[in-house]
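Before anything else, here is the set of structures, which you'll find just below.
Two complexes are shown next, each including chain A; its partner changes from chain B in the first to chain C in the second.
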Partner chain A sequence: MTDMISTKNEAYAPALLDGPTQLIPGELAEPTKKKLGLYFWICAGWILLIILLAVFANLLPLPKPDFQNYAAPQNGAPGWGHILGTDDLNRDILSRLIFGARVSLIVGFGGALIGMILGGIPAMYSAYRRGRVDTTLNTISYAVLAFPALVALIAIGEFWGHQLWKITLVIGVFSAPLIYRVVRASTLSYAARDFVMAAKALGASDRRILGRELLPNIMPTIISFGLIAVATIIVLEGTLAFLGLSVPPPTPSWGNMLNEGAALLSGGKGQTNPWLVIFPAAAMFSLLFTLNVVADKLRAYFDVTEVKL
Partner chain B sequence: MTRLPEPTVQTAPLLAVDDLRVSFATPQGELRAVQGVSLTLERGKTLGIVGESGSGKTVLSRAIMGLLPQNGVTQTGSVRYQGQEILNAPNKELRRLWGTQIAMVFQDPMTSLNPVQRIGHQITETLKLHLKLGRDEAKETALSLLMQVGIPSPVERYDAYPNQLSGGMRQRVIIAIALACAPRLLMADEPTTGLDVTVQAQILDLLSTLQRDREMGMVLVTHDLGVVATRTDEIIVMYAGNVVERAPTSVLFSQMSMPYTEALLRSIPRIGNPSHTRLQAIEGRPPNLISPPTGCPFAPRCPYAQDKCHREKPPLVEGAVPGHSYACWFPLSTQSAVAAAGAGAGGESA
Partner chain C sequence: MGRYIAKRVALLVLIVFFVSVAAFFLVHLLPGNPSVAILGPNDTPQNAAILNHQLGLDKPLYQQYFIWIGHVFQGNLGQSFTTHQTTLSIIEQSFPIDLELIIFSQIMAFALALPMAIKASRRPNRLFDQSANGAAFGMLALPPFVVGPVLVLIFAVHWHIFPGPASYVPLTQDFWSNIHTMLLPSIILALGSFVVYFRLLRNDLIATLQEDFITMARSKGLSDRRIMWRHALRPSSVSLLASAGVTISGLIAGTFVVELLLQLPGLGFQLISAINQDDYTVVQGITLVVAVAVVLINFFFDFLFTVVDPRIARD
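Take a look at the complex of A and B:
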């Protein structure tokens, strides 16, 4: 048997040393390049457009969102002068939509970011360390999850106020346990792999392992789930605003525009103006839809399991 | 004047393990995975640890490295690296040894590389961390390492991701990473199990060559006696967490004493056998390590087992040849004589 092994070496090694594994230089076994596709870029472009408009809203040739233009007709239909028409207080709907996007975007991205920091970092740590830390954090996350977020948001808003940063912070805190669950699950599936132990055996510190070994692996999950979280949070803020419990008027937000418009759908105050509902609803729908598409496409793009085939 | 006999770096062996015991707390009870293993490894030597799945070889190698989790694991005994006790040392202390003094090659090349980092990055990271090399220096060193482990066109491979390489190629990269900081002790835990047979020989030869060139001590863990036959100086055979036979490699193959070692050897298919020869398997399964049987752990599966084997656990004793020890009441060399006597004894006790 000893002979068998050694003969094999001598007989095969020279021929095989570079044989089966060698590739012609420049012809690296490249996996078929994945493409994000036109659909993705249209959706991403739309999100980017909304973000840019919201950021540079002050520089746009628009009337102030709370400017009441008595020269224009009340509840004016879309047309020249006021592209998307005016509301019952003679304010420009387009301007209000664009300024209203700020609220949605700040709460959405800000809340998701806070959730990522409060939920994601402990999640990685507890999935890597396990043990008592993990048990404790799991219990906390379940406890917070068990509490209906909307009720908590309404109650805290009543006590604390409805400023934008407060709403963002509270929503961020309540989204943390959900993000914790997802990030923890994702980290767990990598924390047990050999490369983590290999890194440890090469003298890498825990922080290095978390940041350099695990984080890049769960990044696809973080990005795609993060975008879904943004969309969910925007809906949550819209719900609060619709109930009149988000940023107080006259600051426009899509939710409170819907709230005001809903009254005018069926002739409240003796007036009818469907545009006041149609435009903010369409804006919110398009943003949420594109966010979900982008998240899904990114997830597929980063999915390594397909590359393996 | 008295001087404490302090082991210095020069005199102490590279690795000395003494009565190492490892047990895991499980819901069913204490699982004793390693039950008192002692071994020494000198600089530049290779030690083979052989045993079937579940014999405790991986746990042993991880315990030596200090890589077992801290929760629910009890480790007693002693593991000294160059005279320094490292068993149960805090990670902070071990980190100074890991990578630069002791390195490890893992079993599965498919999972022991980070899938989302380029090969080059994974090698240079260690170099930058331990040797404080700059970017260009690290890259140069990494390329020369890739060359040393026999990777063709290393410049292209440097920017490749692990999934773009074959299994054998990945294992070469893993070896390059392990050797990056010139460790003095290399633990290779079944380094070829995940590879196909032709590549296995290449990787093992590569390891042996590098080990000789760098005068490293190497512990080669495997389930295949054939793998260690030509590449080790000493072999330890493990069964159910115990060392059952230990001998210099040549002695082991010429004077095999423990029936388990013989059984392991028999279970390797031989190329000289006629076609359709039935492969000899070891009957039964390894014992439960939570409530091991009294007596010799191999007795239930041993074709030569006698009453005494089931009653009393044989100690590891040194045989006629120095350095050769085995844990068996009726070692193979005396088997023919004992078989006759044993039949008579068995009849008497019944």
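Take a look at the complex of A and C:
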């Protein structure tokens, strides 16, 4: 993962936390009024808007994303008819942006979900049971984390193909060890608490303890870290797409639109199309930024710092 | 300590082995046969059989792996199908570009992050701290493939301050024009590392400055500057080291992006063009070298981290 959290040594996990989940000592002293605030809701609303636009893209009065409108100018500037302009193949940039959001959202949320299933569930179990299972899974997670994910994704994509579901699955698998580390650390901090002991003494089954006692407690961490994972996966997919190694054209994605825009930058006068760089970049920034803000606010709201990852 | 290192080395060997197996299978699991690519129109069944025998492709897979890894240890990574250059010479030519990018960008990132973190942590949650922190938080949402094209658009295409894509000149050929070309990609790369360093140092310094030994140093009448440099900064170097692994992985992705963006013939650029030309031995060679390098660097920083803070080995 490009800049996901690396929790190599649990004792130092807080120092290692890079990115929005970071514990910010200077802010610990802040008054902890439990309120999410307007800023949070604006950012959450923006994410929801992007999701809704992507889901209902077919119903919107937009030209098809691969429709080449020869009546419109090539690399046209924003204006009536094509609100955000056209690209080098006379396609509507707004339509491509909205349809392109699907790729980022599916890979981001789908990959994080796969990572949660493959990493999160074993993590809870191994943190609760410890012993040999824990040691083995730990070693595997370190081994996979040491591997540069981007290089692995490039290599796997090379012989397996670049369909959307394959990219989602592979990114999900590679994000699993990271999610494993975070969820394991979070579960560990609760597994030795008295209420778990009490449940055990009452004769509760392992499944009940994991599902009813531990899961609700680590849920805040899962939600706020999950959103960071979504953002990180979107960056990874975007990087792949920018390198031309994700979902192939003509399917639009923000990454491959930026790739096309960047390729046009080296063209001669009249060939460059600044809008094909500016709009996808702005879209990507807005989604990543709002995801980070929402994750950060949720972390503060749930007070995940208390968990001592 | 000894046991810890032994464990880490064992893990390292295991990972490098898996990396090599993965790189080996990369070529062998590909659809189609290398003979098709090599023979082209002469791809008759007889010719293919002869070639497969010559290439050792008729042997069992595990034997092929050991033959291949034996060649790798001798520095033979195969040769390009398209240009007939050896993979090793391609890597030797392109690696200096990556190295230059990484060194430049890390110097820039550090030169900016250190003074800013010190200034911000002196007065936490005041104007400078809040604006710097806010900016860094925003920059988390600006990965190289987003900010790169925008900066090229502004500084190379619009203002012509830096040369545009495909204007790489080797360092040995023209020193200043090389530096000029490498500045923009280094800045793009530096932004990502700067965010990591700044946030880490700032948070660490704020925490450290609240510790008792700092109060003690203050009460002894030491100057703020001395406290910052001699007492506070040193413990913070541990977490900075620890972040190196994360930063390196990010850098790899970043160098690939800026090399493609500005058409600098570094490892990433060569890898992408080899992929686009289905030049699988080159893809295999570069994948292997980059992956092993990252694993080794990660291991090195992990080790350094243990030396700086021996408490870790005990966990």
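Please note the rule applied: the second predicted complex is superposed on the first by the 266 of 309 C-alpha atoms of A that agree within 3 Å, B and C clash if a C-alpha of one lies under 4 Å from a C-alpha of the other, contacts with A are read in each partner's own complex, and residues count from 1 in each chain.
Methods note: a residue touches a chain if its C-beta (ideal position, glycine included) is under 8 Å from a C-beta of that chain, and two chains touch if they have at least 3 such contacts.
The shown structure was predicted, so the numbers you read here are calculated from the model rather than taken from an experiment.
When the two complexes are overlaid on their common chain A, residue A:Leu265 makes contact with chain C while staying clear of chain B.
Within the superposed three-chain model, A:Phe285 lies in touch with chain C and out of touch with chain B [touch as defined at top].
Once the two complexes are overlaid on the shared chain, A:Arg130 sits against chain B while remaining clear of chain C. Set against each other, chain B and chain C touch different numbers of residues in chain A, with C touching more. Residue contacts after overlaying the shared chain place A:Glu213 against chain B, while chain C stays out of touching range. Note: residues 1-2, 4-6, 8-9, 12, 16, 18, 20, 22-23, 25-26 of chain A belong to the chain B contact set and to the chain C contact set alike, using the contact criterion stated above.
Considering their complex, residues 1-2, 4-6, 8-9, 12-13, 16-18, 20-23, 25-26, 28-31, 130-131, 193-195, 197-206, 208, 212-213, 216-217, 219, 304, 307-308 of chain A touch chain B. Only residues 65, 67, 69, 71, 91, 95-100, 102-104, 106-108, 111-117, 125-126, 129-130, 150, 152-153, 156-157, 160, 163-166, 168-169, 174, 177-178, 181, 197-199, 201-202, 205, 225-227, 229-230, 253, 265, 268, 270-272 of chain B touch chain A when the two sit together in their complex.
Across the interface of their complex, chain A is touched by residues 11, 14-15, 18-19, 22-23, 26, 29-31, 121, 124-125, 129, 137-138, 140-150, 152-153, 156-158, 164-166, 192, 196, 199-200, 202-204, 206-207, 210, 238-239, 242-243, 245-247, 249-250, 252-253, 256-257, 260-261, 263, 268, 271-272, 275-276, 283, 287, 290-291, 294-295, 298-299, 302, 305, 309, 311-312, 315 of chain C. The touching residues of chain A, counted against chain C in their complex, run 1-6, 8-12, 15-16, 18-20, 22-27, 139, 142-143, 146-152, 154-155, 158-159, 231, 235-236, 238-239, 242-245, 255, 258, 261-262, 265-266, 272, 274, 277-278, 281, 284-285, 288-289, 291-292, 296.
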